[in-house]
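Alright, structures below, take your time with them.
Paired with subunit B in one complex and with subunit C in the other, subunit A is shared by the two complexes that follow.
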Partner chain A sequence: MSTRNVSVRFPVGRGRVLTAVDDVSIEIRRGETFGLIGESGSGKSTIGRAIVCLERPSEGTILHDGRDPHALRASELRRHRRQYQIIFQDPNAALDPRMTILKSIREPLDVAGEGSRADRDQRARDLMNRVGLGEGFADLYPHQLSGGQKQRACIARALTVRPSLIVCDEAVAALDVSIQADILNLLAELQQEFGLTYLFITHNIGVVEHISDTIAVMYLGQIIEIAPADRLAEHFLHPYTQALLSAEPVALPSGMRPDHRIVLEGELPSPMDPPSGCRFRTRCRFATGICAAEAPKLRELAPGHRTACHHAETFRLDPNLKEGSQ
Partner chain B sequence: MASTPDITPQGATASVLSWLRRDLRAALCLGYLLALVIASVAAPLIAQHSPIEQSMDMLAPPSGAHWLGTDDLGRDVFARMVYGAPMSLYASMVAVGVGLALGLPTGMLAGYLGGRVDTVISRIIDTLLAFPGIILAVAVTGALGIGLTNAMIAVGIVFAPNIARLIRIQTIVVKNELYVDAARSFGMPVRGIILRHIVPNAIQPIIVQVTVMLAGALLAEASLSFLGLGVQPPWPSWGQMLARGYTYMEIAPEQMYAPGIAILLTALAYNGLGESLRTRLDPTSRSRR
Partner chain C sequence: MTSPEQISAAPARPRTDAAPLLDVRGLGISFAGPDKRISVVRDVTFSVAPGECVGLVGESGCGKTVTGLALMGLLPVHGSRFEGQLLLDGEDLLTLSEAQWRKRRGRRLGMIFQEPMSALDPVFTIGEQIGETLRTHFRISRREARDRAIEALEAVGISEPVRRHDAYPHELSGGMRQRAMIAMAISCEPALLIADEPTTALDVTVQAQITDVLGELSARSGMAMLFISHDLGLVSQTCSRIVTMYAGEVVEMGETDDVLLKPRHPYTSGLLRSLPSFTQRKGRLPSIPGRVPRPGDFPETCRFQDRCAHSREGCLTRQHLLRVGEQRFSRCHRSEDLDLPGVLS
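On to the complex of A and B.
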């Protein structure tokens, strides 16, 4: 699965255009978990939606196993896209309130028209058991379930069509912390069992750190750093990644916390009118003249580790600043 | 209580029966409307007089011979009520049916497709809404020709933009729901999305609106019949009787009671049924016992 120079733009009226995703190229290998992090409004969800063909790229191409799904005919696309499923942040909104859980889970199979009604019911019930929802939930309506149970139902529904890739769009963000761990474990088990590839979209770096193979950091519609997960935490090469990592809550009393939280100033600039050059420069402590003049390109500075910063090699050596987080 | 609405025919009958047993309002309203239908079919058996035969016994109060008295031409009011019932029921059904047939698909199309289609349809709706309803109905009836059916088609055309506007906004709300995105992501065709997700989730306010419109159609029929565009004399309809009785308000006010109360009760029955239906179709309110 890969995206090639994908941009997604939305008209916002009066001829103005919002560029949610700007020239993003990523590659997700089969079987891996690809973490995509960034703050709200960075375009990470839009990328996820584009990958499952819910948004159409304004420019560039999405390639599923080397094929561009948007080049397919409508009926072929409908069959093809079953391979690429998405789990949304809000499990409550993702289930039709007028359908029972069983009916919702069975729905993809109904659409695919596979097997008899009894077979489809059986498969849906099997998957309900697999994701930890007992049979007792089959005839309940979504409002009678808790958030975690609904998310399990959504996972079961995505699995019915045997997808190869699942986009988890903030799939645990709306859940209780204790439930989050359960769902993450479930997702990890299912990955083993079904050979799934995940694109894990989140704003919580703690969530992706442990389960991802590769992590990409997004800022204002662009990928600014991409690295193997085990490398990123210590060897980050972008000031924004540093800030993001330091913002992760630490479970220690205030006196024992390492004192190096970097608080970014200002707000995320408007994606309708992004800053010139490097998009992060308006909030970056290391910004110099070149940052405003020239947009930094993603450069490979270590095997599999690319970053888009003019000062990538030097900013961490700046003696006035404390060393970044572990 | 019934856990899931079954889709097999026997299951449907059983679930309707158990619904009526639990919901007294629904049972009463349905019973009343059913009684009207039966009265309509069996009118010659129920009414002892002809609804159009005149006599010199004018504006008589209720008596053993004339249960509800006689009107200004000496016709039996009870017979006219019974013979007028099917006219009124038919009239309201035709008007709302036409309104739905025109309004639902256009509104849903505008809401779902958006963009230019939406702009064009919305402007047409606005234009139609800018006309006073009764004037538009009179104009349409004039164009189609006089008669109850044509008059009610005209009323339906007046209703259509209201329905279209309501379903349009509902469709816009529902089509942006995540479960519609989910359905798209597993390859559900547009027709399936509309039938399985958008219609059931967008239709609620329409059901309420329909019951209000059924009542409104009864009154519109009265207005148009009053203007001579609806039911043609001497045949009766409730609206026409009410309009006629109204002219004798000062000397025989009881002339208005029978048709007025009948229209009121029918409108109430429509409303009550609609409200019960809406509650019944909403799974979130059904969990309460």
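On to the complex of A and C.
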């Protein structure tokens, strides 16, 4: 799966346009977990929605196995997109409160018109067992389930149509740590078993580092750094990635915590009117003239590690680094 | 190590060095249910010293929020029943009349919530709402209230405080609204701020800004904080002591570093070990089987017993909070025998 120069724009009235995703090109290899991190408003969910054809790119192409789904006829697209599923943060909003769990899970199969009713029921029940929801839950309604159980139901439902890729959009964000661990374990098992590819969208750096093979960092609609997951934590090459990593609180005793935290000043600028040049420059401690004049391009500085920063090679050497915020 | 000493029955004070600002002794809360009373919180004992920041952790449904609301006198008067004592500066809050509560709530005790949008009134400006709080507690003019509101906005790091003073909540971003709510809570310089998941809805970068603001305020004015959160990382970073709650009871208490390195209750240990940062990348995360029982279904045994890997026959009786060290408490009779893994083991 890949995106080529994909932009997604939304009209916001009075002729103004919001660019949620701006010229994003990523490649997700089969069977890998691709993590996408960034603050709210960075465009990470919009990318996820575009990949499962819930949003049509204003520019650029999405390629599923080399094919552009939007070039397909409507009926073909309907069949094709089943392979690309999405799981959301809030299972309450994703499950119909008036449908039993079994019916919710079976619904994609009903829509697809696959097999007999008995076959579909059986497949839904099998998947319920597989995700750790016993069949006893089949006739319950969503309000009778806990958050973790509901999320399991959503996972089972996404699996019914045998997808090849699942976008997990903050799928564990609302769960308690112990339940979160269960769901992450389950997702890892299912990946092995069904050869799934995941796009894992989250703001939780601990989670994304744990499960991803590759991590991309987004800021104001653009990818600003992309690296193998085991490299990013130590070898980040973008000041924004550094700030994001250092802001994540870790449960370590006071003596063992990283000695400084970079607290970014201000907030994400409006995506309606992004800064010129490098979009991060308004909050960056290392910004110089060139950052305002010229937008940095993603450059490959190590195998599989690309970053969009004019000062990528030098900023970590800056003696001011030790001082904390700007 | 001192021998286990039961503190629940005769509530000994967990901290002995400083007179606590807040001293919660054997707090019990029950609500009227459809056919019987439902106990949601039982035997909650902990204290907060002046200027201290204490973290209250546990999964959803463990009674953290209800404890915070009880401290603010915000639980419904009808249907709620309380036991024990809630001592603020030696005065039992549970004996206050509503009129007396009004004098303390907002003045001595402040509270901030997870969702600032539901705590702020959409039809009044930020400044009017802070001013209202100030004028409720102090005999000051509108002009003075305005000045102090602007000062409070400045103190929480809101840029252009004069302009924001006249802004409506919807005109601010999530982080700004959270700051505005903090400004309102601290405008009367409370002795204790109860922060219930104050940054859960915010991005990590904004969360870092907010926790910095809270830390600075506490350092500057000597305000104590009870920080309620499910995020162990955040609590370890902001609090000097941790209180773990499970199924309506306090199950562990201690200095933050000590709790992280050597948890003395299997539940705290389980919570810490399930954090992804402590397992090898892509490795299987240790989780706690089962889920928190609902109020009304709390067992009469150790409440964690059915989810605990260390459960024995002796765990089938009610557990009491035991002193297991200097300022160290655990509601597990096996805590002396168990060598529970912390964040580094």
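Annotations for the structure displayed:
Convention: the second predicted complex is superposed on the first by the 318 of 326 C-alpha atoms of A that agree within 3 Å, B and C clash if a C-alpha of one lies under 4 Å from a C-alpha of the other, contacts with A are read in each partner's own complex, and residues count from 1 in each chain.
Following the convention adopted for this analysis, contacts are C-beta pairs under 8 Å (C-beta built on N, C-alpha and C of every residue); 3 or more make two chains touch, one makes a residue touch a chain.
Keep in mind that this is a model prediction, so the values were computed, not measured.
Superposition of the two structures on subunit A leaves subunit B and subunit C fitting side by side, clash-free. In the superposition on chain A, contact of A:Pro108 is made with subunit B only, not with subunit C. In the superposed pair of complexes, A:Tyr141 makes contact with subunit B only, with no contact to subunit C.
Of the two partner chains, neither subunit B nor subunit C is touched by A:His305.
Of the two partner chains, neither subunit B nor subunit C is touched by A:Arg125. Of the two partner chains placed around the shared chain by superposition, subunit C is the only one that A:Gln180 touches, whereas subunit B remains out of contact. In the superposed model, subunit B and subunit C sit 80 degrees apart as seen from the Cα centre of subunit A, a figure rounded to the nearest 10. Closest C-alpha contact of subunit B with subunit C, superposed model: 11 Å.
Note for the complex: subunit A touches subunit C at residues 39-40, 146-148, 176-182, 184-185, 188, 203, 205-207, 209-211, 229-230, 243-244, 246-255, 257, 261, 263-264, 266-267.
On subunit B, the positions that touch subunit A within their shared complex are 3-4, 177-179, 181-189, 192, 196-197, 200-201, 281-284, 287. Every residue of subunit C that touches subunit A in the complex is listed here, in rising order: 59-60, 159, 173-176, 203-209, 211-212, 230-237, 256-257, 260-261, 270-272, 274-277, 279, 281-282, 284-288, 291, 343. Interface residues of subunit A facing subunit B in the complex, by the touch rule stated above, are 49, 52-54, 77-82, 84-86, 88, 90, 93-98, 100, 104, 107-108, 111-112, 139, 141, 143-144, 154, 157, 160-161.
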